[in-house]
Amino acid sequence: MAAKMTAPELMDFLETVFPQVKDDFEIEEIDDMQVRVRMKIAERHLRPGGTVSGPSMFALADCAVYMAVLAMIGPQALAVTTNCSMDFMRKPAAETDLIADCRLLKLGRVLAVGDVLIYSEGVAAPVARASMTYSIPPR
Amino acid sequence: MAAKMTAPELMDFLETVFPQVKDDFEIEEIDDMQVRVRMKIAERHLRPGGTVSGPSMFALADCAVYMAVLAMIGPQALAVTTNCSMDFMRKPAAETDLIADCRLLKLGRVLAVGDVLIYSEGVAAPVARASMTYSIPPR
Amino acid sequence: MAAKMTAPELMDFLETVFPQVKDDFEIEEIDDMQVRVRMKIAERHLRPGGTVSGPSMFALADCAVYMAVLAMIGPQALAVTTNCSMDFMRKPAAETDLIADCRLLKLGRVLAVGDVLIYSEGVAAPVARASMTYSIPPR
Amino acid sequence: MAAKMTAPELMDFLETVFPQVKDDFEIEEIDDMQVRVRMKIAERHLRPGGTVSGPSMFALADCAVYMAVLAMIGPQALAVTTNCSMDFMRKPAAETDLIADCRLLKLGRVLAVGDVLIYSEGVAAPVARASMTYSIPPR
């Protein structure tokens, strides 16, 4: 099963449905059932001390799985997150972009499950792990 | 075991360590091992269509558990989230404040676990459920 | 919305589809969107030292949510667990029955979400917390 | 960081602390921060229809992370599971051994986090995904 959308097509679609996505995220790579997404860290993502906030990491994981699902099924704004689990394992490097590596483990008729590892760019040990379930509306 | 901080004391402390908290959250009630927190919904919390975003709900759940922990152990900025699981069950009402009801289920020497139900104000069925684990630094 | 099955009806149904259930579980109470289930602790549920094993607590949480769903929708063997999150907070009391208090937080057309607190009988602080999502097959 | 225990050493240790492990599990491979574990499926792991039960898959994931932690830190019976999240994505193949691939994502002073993918032997798509947190007692 190959991706149905290229990175530019996906970003164009996301900008029409979630305009804020463009400022925060960049697709580094799309492949069969996987995407790599960069979070362009700015002041609004930081906690005092310069570390990236939990809600920003949640947003990155959520967006990465959404992008991976859309890349495979084509532009459908209505997929929604139904479940998330995250482990926050290390403090992100200060003022450094985050990179999310997402694999879809399941792409069913009604549910998709994606797994995400989040890294501070240039650091080998992951800062967080996430799993997200998306509910896909009937077509 | 009774709360060690009142709502105003807790808000004062949070404003010094997380200045953005004041704009987003209000403590409705503090009790033994539980807090009720209001998220004052503004444009920045919304998705197109007026519904509250996932990262905003994560931020509310995370903050509610943090507040419940601090209320019990006193002002300690260094407690960090290590794990989170959330179920997103219903679409929040458009442009309506969210209310988080948080209970601490465990307050150990090194780990605290809190359970959160999130409601759109005035609506009986919860929009989301969250569990958060905080790691508490040695005193 | 009221329960469609009584405790004896539900146990009878479960025995035909999961014969082992009868040895392990007893329904203490069924109500609108909630059940209380007893796990009759026996040798096979224990770890060395007499404490209840993790898989046994998982089985109890899973079964409690399944029972709560069936009580509401009627006998349907095909609902399946799609997601689970658990926090193990305290060591269960040795050789003591466990009691699971389960509330359904959502009972949708395709997904049901239940929340469970597990106690050692007679002990106030919960030993574990669980959330389970069930996928309900189209009728 | 290299593993401190070989597969036979680890199995010998586990048999003294959890005698039932020997009947259910076999270590296929131990490496730096990762293990592969086989669950030898028997009647007691099955649901009617021949598919492996949820509690059995939980037991496999839990045991795989425990083994991965012990392999790295040496024989310490007292590490305990504090959190688990699982996604059940596909029905396991009937009466087929399960293989768990576990990676430790974090091995800290007090907490370890492991990620597990579970497969029916010989089938490419995973049946389940799990993350487990272990609390490691002070040495």
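Residue numbering begins at 1 within each chain, and the chains themselves are lettered A, B, C and D in the order written.
Everything below uses one rule, namely that a contact is a pair of C-beta atoms (placed from the backbone, for glycine too) under 8 Å apart; a residue touches a chain by one contact, two chains touch by 3 or more.
Because the structure is predicted, anything quoted here is derived from the model rather than measured.
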Task: Give the chain pair, either A-B or B-C, that is connected by more C-beta contacts.
output: A-B
Message: If I average the CA coordinates per chain, which chain comes out farthest from chain C?
response: A
- request: Measure off the straight-line distance from the CA centroid of chain A to the CA centroid of chain C, and report it in whole Å.
  value: 34
- prompt: Between chain B and chain C, what's the gap in Å when you average each chain's C-alpha atoms?
  reply: 28
Field: Between chain B and chain A, distance of the C-alpha-averaged centres to the nearest whole Å
entry: 23
- request: Two or more other chains in contact with one residue: find those residues in chain D.
  value: 82-83, 85, 87, 89, 133
- prompt: Okay, in this complex, where on chain B does chain C touch?
  reply: 85, 87, 89-90, 105-106, 108, 113, 115, 117, 125-126, 129, 131, 133
Field: Residue ranges of chain B in contact with chain A within the complex
entry: 17-19, 47-48, 53-56, 58-59, 62, 80-89, 91
- prompt: Residues of chain D touching chain B in their complex?
  reply: 82-83, 85, 110-111, 133, 135
